[in-house]
């Protein structure tokens, strides 16, 4: 019998393809999920497009490119599809830049939070004992802290806040939630016979946690990541709006802040509405994707 | 006198993957005062038949054709309201894992009284008295009727559920795996309790189980089901002495017994079929040692071979 | 020749009380059991739920550690092994679980499932491992093996899954296999196949089996010796036919008389005993069965009887046996 290992690799690819296809088939069944995905795709395109305006014309640099002919705020026109802000900067390129940052901040912060939360949940749930107690008490403390005031205090203490500080802070406050859910899942998986079987085979705790339990828990992690992105986007927007964001980054929240502090809230709907709507719609799109994923993750659908 | 007649029942379930043809042209009669056993492996359709009789099928189940005759009417034609009259008073059921059929937040007596009062117009006092009588009948202490379900052991809960099934003096009781979740000794007590009651009250029983030993001890007539079809239906003694259908024969040599000589078990080759796409012709033919060409194309007729011994097999001529 | 010996093994699980409970209470899952298993025999642990047979099986594979007492494998005390020694021990022992749906990792394909013990125990190069996996699949009659290796558990039937579980247990060539109710959740017509497979494996590879079940008919078919357990204690041990024909302990007699027989003409003589099994929490002194035993005398409620010889190769724990 010849070695079929190379055949196994080939089939591994085929298997992966089949898995992707099957998952997509299942996901497609959820209309809201597909809707969320479509919206996300649009924003993705917008984010990618954010590099174009600055390359075309210096006037369109979101942060400091001003229109030499227009010195203040102006409504939408052919030159500026969404108008300009109080400094004469093009609002449309700001919106595209905002899309870029929303996606970066949202996905990075949520991923960081979920990765930490998952690892903590895995270790906490499987080990039990002192490690579990310490980690969970830490998580409890972080959960009971009021999110925004804490960030304000830390921001004030640090003096200046960069966009990455915001990302780290969101991740820091975000990991306890997923960790509790993952831990609960691990506690129930830990007792299942296939884990006992791995123990009887001689597998170490580390191997059991990362090779046996983790794959069963990852779909849930992914689900929490999608919900986490929603939270992260909204949190960043909120922070920027109240002035705690990074003033050197153009995000939708910053746009809203500039609009508000320059006193143009009620007289420039073309400035106020687009970023506001974008925040809501993008956050919603991830949430819808999460709902679409739920029915894949839900073990009730698994065939017995 | 025939109390129940199932005629050419065909039933299916709608699932995400297609139609599961769960019951295919099943017919049998039950005489008054008889204990009839419906035996088969998981997925053979025995529970489905029990549910069909009581109209308790889930949303995605549908009866394609056939009749279930009870008290000169077709149960399948009745409206939900009319079925409610039949349930409990005409036909009652002891469910699988019956201990979960008891509501944990109500006293047991209250639950039985409620069942009685829903179907009969008698006073609460009368109903309570009947509960006490039922308790004595099933071997429970009537003083404990006011307890909650969690205060009872598994065997006691089972007896309480049997009492509830008897509460309205039904014509037929359907017992669906009533002892599966119980330990050996308690199971034995419950089985003999049921048998005693059945004989004392001259009740008609349909006993559904996958355990042939339990059915052999409790039932006078046994129907063997396989993958949605009725393979054989005979008196218990005849079935064991002279099994006619190849599946029944195979089944007889595939389970061990605590008594008698120790013989080598012969497994039935292959797997039970997927009912989404059952085999054409006789559903057992892929696993049957006697399979002929006709078995692959034509569904065998359910025929009587004398002395109320029925079977569906081409090899029987 | 003796392969495994359990001596006065106890496993007590503490019940967590509230702050106000001064003295902790214990569930006496396994309470002072002693038995010996011969090389290449199939040894049955039988009893009703709560009797401790599953805990005993977990003790034998060291999924749990005994609270007291010793377990010897081939003369070595394995009761408190740790670390590398424990891993070495695990090469000799494997387990087959009851639930074919739960004992396979749903995210592993069949190859990964069966290869896992080899990988964990670092046996063989990847090519050798591949051969061993295929051989294991052939041995459990899942042919052709190529068809099965890349499938996932949910694509297989219950019987096939259980065979995979057996293949996984076999692949590192252990000395003995503990099977905990391996056929209870399978259909009747499938059980015979899996049971016969295990009998063949014993013949072909000289394996020793410990077969845990509540179904005495299955126990009778499979086992050479049967130990009957009740509330954490072993009440009787004998060669199978001897036990079935000539039980000594009142509980064994009641248990055997309660097993239904697939013969409508058989008139069973049931032995009536009262009540159900009580919980094994801090049991009172004396024989565990005394409160239900129709023959109990005063001594039974004071002192716990120990296993003693009542016949050739037949032990029972009863003052009246």
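Note that the chains take the letters A, B and C in the order they are written out, and that residue 1 is the start of every chain.
Everything that follows uses one rule, which is that a contact is a pair of C-beta atoms (placed from the backbone, for glycine too) under 8 Å apart; a residue touches a chain by one contact, two chains touch by 3 or more.
Bear in mind the structure is a predicted one, so any value in this text is a computation, not a measurement.
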Starting at chain A, fewest touch steps before arriving at chain B: 2
Comparison of B-C and A-C (more C-beta pairs in contact): B-C
Chain whose Cα mean lies nearest the overall Cα mean: C
Chain whose mean Cα position lies farthest from chain A: B
Cα-centroid distance, chain A relative to chain B, in whole angstrom: 54
Interchain centroid distance [CA atoms averaged], chain A/chain C, Å: 49
Cα-centroid distance, chain B relative to chain C, in whole angstrom: 32
Contact set on chain A toward chain C in their complex: 1, 3-5, 8, 11, 15, 192-194, 196-204, 207, 212, 215-216, 302-304
Interfacial residue positions of chain C with respect to chain B in the complex: 48-49, 157, 159-160, 187-193, 195-196, 214, 216-218, 220-221, 241, 244, 254-266, 268, 270, 273, 276-277
List of chain B residues in touch with chain C within their complex: 41-42, 153-156, 183-189, 191-192, 210-214, 216-217, 219, 236-237, 239-240, 250-252, 254-260, 262, 264-268, 271-272
Of chain C, residues touching chain A in the complex: 61, 63, 86-87, 90-91, 93-95, 97-99, 101-107, 109, 111, 116-117, 120-121, 126-127, 130-131, 134, 146, 149-150, 154, 165, 168, 172
